[in-house]
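What follows is a set of structures to go through.
Next, two complexes with chain A in common: one pairs it with chain B, the other with chain C.
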Partner chain A sequence: MTASMSQCLMQMVHTDYQISDYQSAITPRWCTGCGDNAILTAMQRLCRDEQLPPEKTVCVSGIGCASRLPHYMNAYGFHGIHGRALPIAEGIKIRRPDLHVFVTTGDGDCCSIGAAHWLHAVRYNMNMTMLLHDNNVYGLTKKQASPTSPKGLKSNTTPFGATLNPLNPLSVTLGIANVSFVAQVPDWIPELLYDVLSKAYHHKGFSFIRILQRCPNFMNHHFDAAVQDPLRIRMLTHSNGLRLKPELSRIYKNQETHDPLDLHRAQALAVLDEEIPVGVLYSNPDVPCYDELRKGKRPNTPQLVETVLNEEFDKVGIWPEGQQAASNGE
Partner chain B sequence: MQVAQIITDPQVPGSDASAGAAALTALRPALFARYMALDTLRYDYPLVLVEGEEVQKPLIPLSQIVDEALRLVAPLGPDGEELRQQVLRLEQRMRDKVAKGTEEKLSELWRISSAELVAESGQSTFGPLDETLERAWGAITVDGRVIGCSEATPRKVLAHVWQAMHHMRARKFRYKVDRLVLKLNDILKSDHIKSDEAHSPGALAQSMGLDGDKSIDFSALSNILHRVRPEDRLPADRVARIRHVLQVLQTQAFFGPGRATFSYPDKAVCYSYVFQSCTEALDAYRDRLPSVIEFTKALAIAEMEVENKYVPELHDAIFESFDESDLTEEQMAFLPPAVVFLRDGVTESVELARAYEALACGLPIKVMIQVDDILGPTSPEPPRNSFGAGNARLASMAMGINNAFVVQCSSAHMVRMQGDLVAAMQYGGPAMFSIYSGATKTVAGVPAYILAAAATECRMFPNFSYDPSAGNDLASRFDLSANPQLERDWPEHTLLFEDTSGRRQQETVRFTLGDFALADARYHRFCQTVEAGSWSGDMVPFDEQLKASSSATDIKRAFVLGIDRQNQMMRVVVDDKITVAARRCNDAWTQLQELAGINNSHVLAKLAEERRKREALVVELSTESSLTQSPDEAKTEPAPGAPVPKTEAKAVEEESDSAVAEVLDDMPWIETSRCTTCNECRQINDRLFGYNENMQAFIADPDAGTYRQLVDAAEGCQVSIIHPGKPRNPNEPDLEDLMERAKPFL
Partner chain C sequence: MTEYGMQTSSHDAPPSESGVASRKLPARGPAEVIQEHIVEIVSDSGEGAQRCGQALASIAARSGHGIWTVEIIPAEIQPPHRSVAGASGNRVRMAAHKVTNVGDQADLVIAFNEQVLLSRLQAKEIKPGAVILIEDMWKHDKDPAIAENYARVTADVRAQGYRLFEIPMETECHKYVPDARKGKNMFVLGILCTIYSLDKALAEAQVRLTFAKKDQKIVDANLELLAAGRAWAEDNLAVRYMIPAAPVVKPQIVTNGNAALALGVVASGMEVCAMYPITPATSASHYLSTIFEKVGCVVHQAEDEISAATFAIGASYAGKCAVTITSGPGLSLKQEAIGLAVMTEIPLVVIDVQRGGPSTGLPTKVEQGDMMSAMFGSHGDAPKIVMAVDSIEDCFYSVITARKIAETFNMVVVILSDAALSTAQQPFDRPQFNADWLAPPVNQSAVPADAHPYDWDERTGIATRFIPGQPNGMHCLTGLAHDRDSHVAYDPQINEEGLLNRSRKLAAFQKTLRLAPVYGDEEGDLLLIGWGSTRGAIEEAVKTMRAQGHKVSSLHLKYLQPMASGIDAVMKRFGKVMTIENNWNDPKSDPLINDANRRYSHLAMLLRSRWLVDIDCWGNARGQPLKPGEIIRAALAKLNEDKQQAAGGL
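After this line comes the complex of A and B, so read on.
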């Protein structure tokens, strides 16, 4: 194939992207101590390590603190409307499968107004990575209860405490048809955050990562128990999942070997009460991808569109005797 | 020669020349008896050349299509029996039509035949029979021309397979080229959008579409639009290069546009790839070579431009010097290969030499040589012992070229070999097909299919394939498995017959070249029939004669079993010439077997040697053991208590606690790998705290800040990873208080 020649020639052009190549001119305006910073850094590290050309990378978001992330990435970005990040990302991916698509969204954006899109995006299983920055609260609008807020949380909308039990994004995602990748990781263990993001990026299909994200202003100390007590975190390790480095393994001693193909165990782990499961809960690369199934046999060139339309019109056309629509050979 | 004398000597009992000559006119091998009424049998023909967009199997026998349809629509048992019988009658009708020379698409043949059956049954159209046949047709998902087995079959089949592969190649080609055209146009379009021309009032009005009420002032709109600096536009040489590449891609003449008629408005007439001679094919290849080179360069440049990786300083020189010698096999395989149809006996022999030359050069060419006569003429003066020496060995010779895909088979086995036919057509390099049609003109009254099958059966024209892309060794490349009874010299069959008293008898016979030659009128002059009453003890079956050494002095008359027009069986004594030809045929077969790893002589010799050595050793050991009690030296287990060597590497020891403590010492430090990049510390002092290449904090310069700043940062750190150490400046104010606050972080 000619590709081999062009690939050889392209290798003559050396590219060496650094983290700074993915940093936009805008300095992040998240609050000091916000977990979003760690997520942004992990994404930039991934882009550098995978040497993703900025012009081939797209970050799509909805509305919320998390959704500011595309502004801080020097790549293509789309700061969409509330809850609608996923349909936009799907449109980009199906039209430009060569792009690396990342979706950043918050618990309000995804699990409330954008819940329907979330369910169908999991079902479509298109090849992209979704990062759910879950700080359990609406932060951008100064503290309102979100679908994942803990029961009893006093906020501007729930002054007497949140009435309902929180929605569990993990168990919801694991229950959707065609789910292919689900992971959970906290923002305060950067190495793990990077590893999980890397796993998700390399997964073929829709990768869903729930990131437990600290909000120092409106949910201060909410994750302190887990930050300060490593035993509260159950590390899910496996040769096909997360592999802990010795230094982390010494700190996080509460470990379980979990096969990411074991959906039933993943569903049980997703609803653990006292502990936080961290790692790849489910990963199945064999789930069909909607973008691949719907891939056309030919690129949709304007000429092809015109031809197909003409063919359709010709079906109901009336031809003078002895004439008919021109047929095309090879 | 001695045998021949006996046959032709009229004094020898049972060798009546005139009676024998009469019987010989309708002579054929006894094993043909069961298959002579071929039209009533269900076998690989009629064959459907399946058409369609993505054909997995381009050749499907009609009987197989019918069976599949019946499996779907006719329930097992009596319920489906009537339907089954009606559809099978329809199949027989179609079979008869094809045998008489009808060649139609399956859908048309089905329609005509079912209309005839319905008319014959006296039922009306849309009656029960018509409905039944229509229902069966509904279960058939393929269509294509239906052909019988004849002289023209090999070419039709190969042309069909080539066409199917051509369509597949065309789809792949168009996908790639169209995608590149689309992307290159996008690049030009995005540049054009920045131009003054695109910002002109006229262009803006055009892009807006209809503006019925004229409510938009496009001149004003044009004036307020941001002007792009010249340096933000694409370089002129890049635009020119992309335009040139687009021109080449869109005017290529290797494949037609397919459905998108308007894709290539300036498209030249497509190149022709089907030829009747290698000379024509090679001339055409030379003619289109400049276009091939230009297109290949354009394709590579397009791929690089799309990735924005074309650097003129680096790549211009490479593409300027790109010529024929730089074309790779993959690049040529992207374009259609030529197919050449040659015919042994019709094509001039110089063309065969050219074919081998083209194959050896690795040119993208597929050559089919159709062989109609594998035994060859016997008169007026054939070279001595040359029967079948040439035509049946064309493929074996091509295998020696090594880089060509080679397929040899007879018409009767093309369905079975279709995987190889398809693979050879898809193969990136050259390929050669040697096909025996079975339509030998000197063989009268034997269907081409039977003769073709018999040629394979008697090892004269074995089926095999040689695929250079399958691996590096013969075991991967060479496949002989599509032959009957692979491990035998000659296939064995049970022949059933009645004796003169009408009793059923059976005999095991082997089908040899002698049997095959019996069907050919030219070879009857080397045969002599012997009536049953004249059979004598000096007659031996032909295959046994072949097993005997060629220098044996015991004179026997070798015979094969033949039948006449009335299926009367007789022994036919054959000449020594046929024996020699059969031995040569067997030699060639044995060599193919060896290539396929069957009875490999090297392996057999090695095995025999090893066996001999082992037997000698056993004899030696038994002799020794009978003389002395041999010590138990073979004991391999270590003695109890013996030291066991260590096999596992010693685990790496962790750094000692004291070393860690030394590192910590009194210096401030940060657990960098746990930093979450929250920027809090750097907001306190961005010279004291720095970020590493992963954007994680570390102490950049411990003297660039105060101890107070270190302690403040440690307290503010969300993940408590900053350790302030001990104060470096003993004169700093409030040190005691600060050290107290630093204690939790030391």
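After this line comes the complex of A and C, so read on.
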């Protein structure tokens, strides 16, 4: 009650948050042309449009280029340790439903060192939005192959070419129990990036967005084929998913009407060979959320703690003669 | 120690030796009055010996006896039947006075087969001449190998001077229940109640409590078995003991160490526990899971140890301090996360119920092997507070204290317990709830415009942290080196400022500590220093030695990092100083070992380096709790070391 009242008061004070209200004093240190810049802008735009109080917004990250994002947001941020952004975010959310939690992570952070947490975060389905900045390479540590690197990629750890087929974050996520929201979007179409982020934010549960993110330094031209040939992108449209504006529709003619509740079609789309599916692959708001399932049924008050402790002590209590009856009588 | 078991009366001819098991014995003399006894009940896993031991201990405690119980646990869930490795059960030490440890060797053993008995004999856990009661069904087993084994072991036991009594448990129990395997434990409880002259009504009440969740039919059957055991012992056994009881004057509770930790978590005001299953810590989380939701809180079983720690850090960051409960291997996995909490100055309570290591080691066994990893496990300079619990009661209060310290200093507090306390039960004064134990509500007030997230106080190093939801407090927490604004900074001076302030908090906290009083005289020939679960055994050893005229005292440390001031002054008043620890040290007798390479026990190593005093250490990592008798032998050897060396020199 008090929280919502103070929230109302804050709303009265801040009638209108601007983009600049979500920009921190630190200038982003990402490379020129890095897709992360576009993602940051989309995030700030979302916060502005949703008028999220900065003090109620928490951006959590692990380690890597993508994970620097919280430093550039004027919000609460937690730049944690490699691979562990998700459990930190889950801990934040478990007792604080009032906070808007965003997780920014990269393909190394999420799909390699933090893979176990990714899998379980999908299963927990807690109310938060996760942005996987997938540039198919380790950038911060200067070009090593990542789990999503294409086979044959020459990197510092694979000088003769990566030997394995890449992991597909979409098909993996869509195969996990309790999956509730999966989307894919490239960084180079700002309108779509924003729309997908907005869909994810409004989704109830754990929203997973894989963002195809360009790395001009180590993977230059990697996505050129898709950038230059709109037909390589299959736009997934639906009244419950993305709705393309006419100007985008004219460019991206390869479209499919896809119901985001159709998991089987989503799983098929996730593994398209030559084309990149863009849009909301899956969205189901009816999957139970762990944070709601584990929500405290009663507030933790001193009176309650005292009562429960005494109940427990009674079960294993030894009383001086004559005293036990008195206690039971109360 | 008086060898009560060696005293024989004229009436105690074993029934089996007399030929007729059910023969009524002539009237006996009064029960022998003793000050204490150690009883072991051992069976195959699943035969209920542990439940029997726990019930016996509860009855004894309610009778006003001091008790200490410890589980005898096989490492596997379903070890092979009738195997030495599979011995499962309970040791109960009952006394006319307060008991603080498991004691030395057992005075009386009830074994459900000869293999589990063998296991205790081989482990030298049974006192010479002790009373041994054994299930006799194996004597006529269809399998000649089993019958032969039984005959051999019982003959050996008799030849070695133990007082063996063969009991037809199976036959007797069959009279009351179709599956005797499920009823023997209460039959045996009845026998023990008769042997130890325990009150019938208390025993019956305990059986009702033990089976409280079961069907009335099951309760009744077990009450029948209890009565049958009592009656059988009345008619057939002449062994009777009487331990004087002190009336209970203050309300008490009986729990094991892990349950006390869980109750402490509830009482501390922490609202989130994130854990991953690991022996021997998990039972704390099991119990916590049954009560935490009642107070609106959550036990989160994370996908691994790392996520348990980081989940707790996230929950702490968002409000109140959280706890993660683990054991040695889990502590190793959590170390990077603990370093993150240190660097970001997020309060965190880590409970480590230690077990034998390294690696998977001895999961169900006792060792104090994690002190160094608790202190220095994270990379870089990561100061955190390490404290150890030294009794069951201490398990409860330490969690409350740890939460307060963690939130006052924004630090990681590691509580070291171990497998000696986790399953051991001991009565202690019923805690009186105090609202000050709990954490204040989460601060959501606006942060002053000119405040910084790391406004380190130059005297204490403490900075008031900003919690999400506090207006104006927005900043990005980072595990990278950072300045007062939490901005990433690689500047040498800024890095040093952070290091200094995080370290300074430890020094500021140290100023609040007071050294525990010395047990025994303030000066003497030998000072024993210990920490954690060994307290009871060390102090009992000191008490016994002092009664024999030795000038021995002991000092027990609760805070290991930082340590209270004044240890040096205490040490100076003693001729010799030796730590007693349940962990590894290189034996001086090993020809390879010398002053240049000897690896000392953890506490000894720390005290030597800090105080430049030639401190010795004694202990072992055999997976068993240290016993007063072996501590006495080690202390005597230390006292006589010079004489021996002098003699050797001649």
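Before moving on, here are some points about what is shown:
Methods note: the second predicted complex is superposed on the first by the 296 of 330 C-alpha atoms of A that agree within 3 Å, B and C clash if a C-alpha of one lies under 4 Å from a C-alpha of the other, contacts with A are read in each partner's own complex, and residues count from 1 in each chain.
One rule holds in what follows: a residue touches a chain if its C-beta (ideal position, glycine included) is under 8 Å from a C-beta of that chain, and two chains touch if they have at least 3 such contacts.
Since the structure is predicted, the reported quantities are computational estimates derived from the model, not experimental observations.
By the touch criterion defined above, A:Val308 lies against chain B and chain C together after alignment on the C-alpha atoms of chain A. The larger set of touched chain A residues comes from C, when the choice is between chain B and chain C. By the touch criterion defined above, A:Ile189 lies against chain B but remains apart from chain C after alignment on the C-alpha atoms of chain A. Once the two complexes are overlaid on the shared chain, A:Glu55 sits against chain B and chain C alike. When the two complexes are overlaid on their common chain A, residue A:Phe78 makes contact with chain C while staying clear of chain B.
In the superposed model, A:Lys297 lies in contact with both chain B and chain C.
Of the two partner chains placed around the shared chain by superposition, chain B is the only one that A:Pro216 touches, whereas chain C remains out of contact. Of the two partner chains, chain C is the only one that A:His120 touches; chain B does not reach it.
Applying the stated contact rule after C-alpha superposition, one finds that A:Ala226 touches neither chain B nor chain C.
Applying the stated contact rule after C-alpha superposition, one finds that A:Val280 touches neither chain B nor chain C. Common to the chain B-facing and chain C-facing surfaces of chain A are residues 3, 6, 10, 53, 55, 297-301, 304, 306, 308. Across the interface of their complex, chain B is touched by residues 1-6, 9-10, 12-13, 18-19, 28, 32-35, 37-38, 40-41, 44-45, 53, 55, 187-191, 214, 216, 227, 247, 297-301, 303-304, 306-308, 311, 326, 328-330 of chain A. Those residues of chain A that touch chain C in the complex are listed here as 3, 6, 10, 24, 26, 53-56, 58-60, 70-71, 73-81, 84, 86-96, 98-99, 116-117, 119-120, 294, 296-302, 304-306, 308-310, 312-313, 316-321, 323. Chain C meets chain A in the complex at residues 61-62, 247-255, 259, 263, 266-267, 269, 271-272, 274, 291, 293-298, 300, 302-304, 306-308, 310-320, 322, 336-337, 340, 344, 427, 430-431, 433, 435, 438, 444, 466, 468-480, 487-488. Residues 166-167, 170-171, 174-175, 178-179, 181-182, 255-263, 270, 296, 299-301, 303-304, 307-309, 311, 314-315, 318, 328, 330-331, 333-334, 673-680, 683, 693-696, 716, 718-719 of chain B are the ones that touch chain A when the two sit in their complex.
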